[in-house]
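Two complexes are shown next, each including chain A; its partner changes from chain B in the first to chain C in the second.
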Partner chain A sequence: MSMARKALEMTQAAAEAIVQRAEARFSANRKESLASTDRMFAGLMLAQWAFAIFIALVFSPYGWQGKTKAVHMHVWVALLLGAVISSLPVALAWLRPGETLTRHTIAVGQMLWSALLIHLSGGRIETHFHVFGSLAFLSFYRDWPVLITATVVVATDHLLRGILWPESVYGITNPEWWRFLEHAFWVVFCISVLIPSCMRGVKDMRVMAERGAELEALSENQWRNQSVLERAANDDHSDR
Partner chain B sequence: MERAPAPDGSILASRLAWVAAAAWLVAVSAGFALLWQYKTAPGQRIGAAPTRWPAGTAMARSSERATLLLFAHPRCACTRASLAELARIMARFHDRLEARVVFWLPRGAPEGWDSGDLWTSAARIPGVLVVRDVEGREASRFAAGTSGEAILYDREGRLLFAGGITPARAHEGNSFGQERIAALLTTGAADRADAPVFGCALDEGTPVRVSRTVDTTTQGETR
Partner chain C sequence: MTAEANGGAFRKGYDSVKVPAPGGGMRSLTRKQFESLPLRERVAYLIDGTAQFFLDGTPIAASDAMRT
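Right, the complex of A and B next:
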C-alpha cells in the first residue's frame, strides 16, 4: 500500500470519526434541549392550573339559584379538568423527557389550556392571545411537527364549535362558510414563521455540533502530537 | 446498521404511555363536553313577558327611545358576561335606547347583599339606570326567571324582544339575542323575538306571578 493511499484512508477515517462525534454531540444536545423544554412546560402546566383555580375562585366562586349558593361549575372545572389536562404532560415530562410522545402531548395540553382559560375568563377576547403565545412557546422545541399538532387541536376545536356553536368561535351567529379560513389563516401565518425558525434552529445546533467535534478532534490531534514530541524529547534526553 | 432490540421493559413503558395518552384524550374530551353542556344549558322560562308595558310597574319607560330591561342576580358571576354585552349594545345604540339593569333582591336579604362588582359595573355603563327589585316583584311582573334576561319595549310600550344577550352561560361574544335586538333597533324587524337566556335562576322555587295592581318598592338609583 502506498503512503499516499494510507494517508488518504487515515484522513477518511478521521473525517468519519468527526462525523460520528458530531452526530453524538448533536443527539446529546438535542435530547437535553428537548428535555429541558419538557421541564419548562411541566412547570407552565402547573402554573396554568394554579392560575385557573385562582381566576375561578376570584371571578366566579359561586353559582346561585335565588338565595342558595353552590360552588360554581368554573371552580370544579378549573380544579378537576385543569388537573386532568396538566396530569399527563407533567407525568411524561417527568418520566419520559425528550421523547416525541411527550412533546406532542404537551402541545395538545397547552392548546387545551387555551380553550379552558377562554372558558374560565368568560370568553374574553383578550384570553384568545393565549393561543398565539402558546404556539410561540412550543417553538422552543425547535421541532416543527409539534406546531402542526397544536394547529390540528385548534382546527378541530374551531371545526366542532363552528358547527355546534358558531358564535363562540367567530363572534357572529351566522358566519360565512369561509370564515374558518380567516381564523386558520392567522394560525398558519404564525406557524409559517415559526416552522422555518425551528428548522433553522436545528440546523444551527447541527453546525455547532460539527464545529465542536472538529475542535475536539483538532485538540486531540494537537495533544497526541505534543505527546509524541514530548516523548521523543524525553527519549533524546535519556539517551544523552 | 441494525438497531439493538429495545428491552422488554422499555417497550412496555412505551405502550403504557400511548395507552395513557389515549385515556387522557378521552378524559379531557369528556370534561370539555360536560363544560359545554353546562354553558349551553339555558335558564328556565317562567312565562311570556307582557306584550305591553305593564301598567303596575314602578319602572319608568322612555317615550322617546326604546327601553331595555336587563334582569340580574346581583351575585351571579355569569351575569358579568351579560353586563359586558349590554355595554356593547349601549355603545352602539345609545341614541336609540335607554336601559335599566334590575337587580333582584330576595326577601330578608341583609343590607348590602346586592351591592358588589356587578352593581358597580352596571352603574358605569353610559345610558343605564340601575334599580333594585325588592322581592323580585318586577321580575315576576315581566316574567323574568333567569339572570341576564333582557326585555325590550319600543317607545309606545310594545314588546319587541325577550331573551338573553350572551352566546352561553358566563360567556361573552355575539349572540342571537344581540343580533335580534340590533335588527329590531335598526330595521324594526327580526327573524325571532326571543333568544335563550344563560345565567343563574332568580328564585329557588316556582315564582308566583304578582298582580299588576300590586305596588313595588323598587328603588331607583341613577348612575
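Right, the complex of A and C next:
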C-alpha cells in the first residue's frame, strides 16, 4: 500500500471518528435540552394545579345551600380535572424524559390547562393570555411539531366549547360563530414566528457540535504535524 | 485583519477558503459554501491541513479562522 493511500485512509478514519463524536455530542445535548424542558413542564403542571385550586377558591367561593355549606363545583373541577390533566404529562416527564410522545402529551396538557383556567375565570379575555405564554414555553423544546399539536388542541377546544358552552370560553352567551377563528388566527400568528425560531435553535445546536468537530480536526492536524517533526528530529539524531 | 492585528476586539474569522479540487489544483469557496460542505469533508481538509483560509484576501492560520 502506498504512503499516500495509507495517509488518505488514516484521514478518512479520523474524520469518521470525529464526525461520529460530533453527532453523539449533538444528540446528547438535544436529549438533555428536551428532558430538562420536560422537567420544567412537570413543575409547571403542578404549579398550575395549585394555582387553579386557588383561583377556584377565590373566584368561586363557598356557596350556601340552605343551612348546608357546600364547596363550589369549580373547586372540584380544579382539583379533579386538574389532576387528570397534569397526571399523564408529569408521569411521562418523570418516566420517559426527552421522548417525542412526552413533549406532545405535555403540549396537549398545557393547552388543556389554558382551557381549564379560562373556564375557571369565567372566560375572562385576560386568561386567554395563558395560551400565548404556554406557546412560548413550548417553544423551549425547539421542536416545531409540538406547537402544531398545541394549536390543534386550543383551536378544537375553542370551537367545541364555543358551540356547546360559549360562556365558559368567551364569558358571553352569544358570541359570533366565527369567534374561535379570530382566536385561532392569533395563535397561528404567534407560532408562525416561533416555528422558524425553533428551527434556528436546532440549527444553532448543530453548528455548535460541528464547530467542536472542526476544532478537534485542527487538534488532530497539529498532533500529526508534531509527530512528523519529532520523527524527523529522531531520524536526524540517529543519522549522526 | 486577523485577531492579533486588531487586538482581538473584533474577530471576523475568515471569509473565503481554498480547498483541493477533485480534478487537481485548488478551488475557492466562500465561507458559506465551505460551511455548507458535508462535515466529514470539512473535517478531512482540516486534519490534512489542505484548507487555506483567507480574510480580506490575506491568508490566515486555520486555528485563527476557526475561532469565529
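The criterion applied here is as follows: the second predicted complex is superposed on the first by the 184 of 240 C-alpha atoms of A that agree within 3 Å, B and C clash if a C-alpha of one lies under 4 Å from a C-alpha of the other, contacts with A are read in each partner's own complex, and residues count from 1 in each chain.
Criterion: a residue touches a chain if its C-beta (ideal position, glycine included) is under 8 Å from a C-beta of that chain, and two chains touch if they have at least 3 such contacts.
Everything numeric here is computed off the predicted structure, so don't read it as measured data.
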Partner chain in contact with A:R96 - chain B first, chain C second, else both or neither: first
Partner chain(s) touched by A:W165 [first = chain B, second = chain C, both, neither]: first
Chain C versus chain B, contacts on chain A by residue: B
First (chain B), second (chain C), both or neither touched by A:V193: neither
Chain B versus chain C as contact partner of A:R224, first or second or both or neither: second
Contacts of A:A14 with chain B and chain C, given as first, second, both or neither: second
Touched partner set for A:L215, first chain B, second chain C, both or neither: second
Contact footprint of chain A on chain B as seen in their complex: 13-14, 17-18, 20-21, 24-25, 27-28, 31-32, 35-36, 38-40, 73, 75-78, 80-81, 84, 106, 109, 147, 167-168, 170-176, 179, 200-205
Touching residues on chain A, where the partner in the complex is chain C: 11-12, 14-16, 18-19, 22, 210-211, 213-218, 220-222, 224-225
Chain C residues within the chain A interface of the complex: 39-40, 42-44, 46-49, 62-63, 66
Chain A to chain B touching residues, read off their complex: 59-69, 72-74, 77, 80-81, 84-85, 87-88, 91-92, 95-96, 99, 101, 105, 108, 112, 115-116, 119, 122-125, 165, 167-168, 171-173
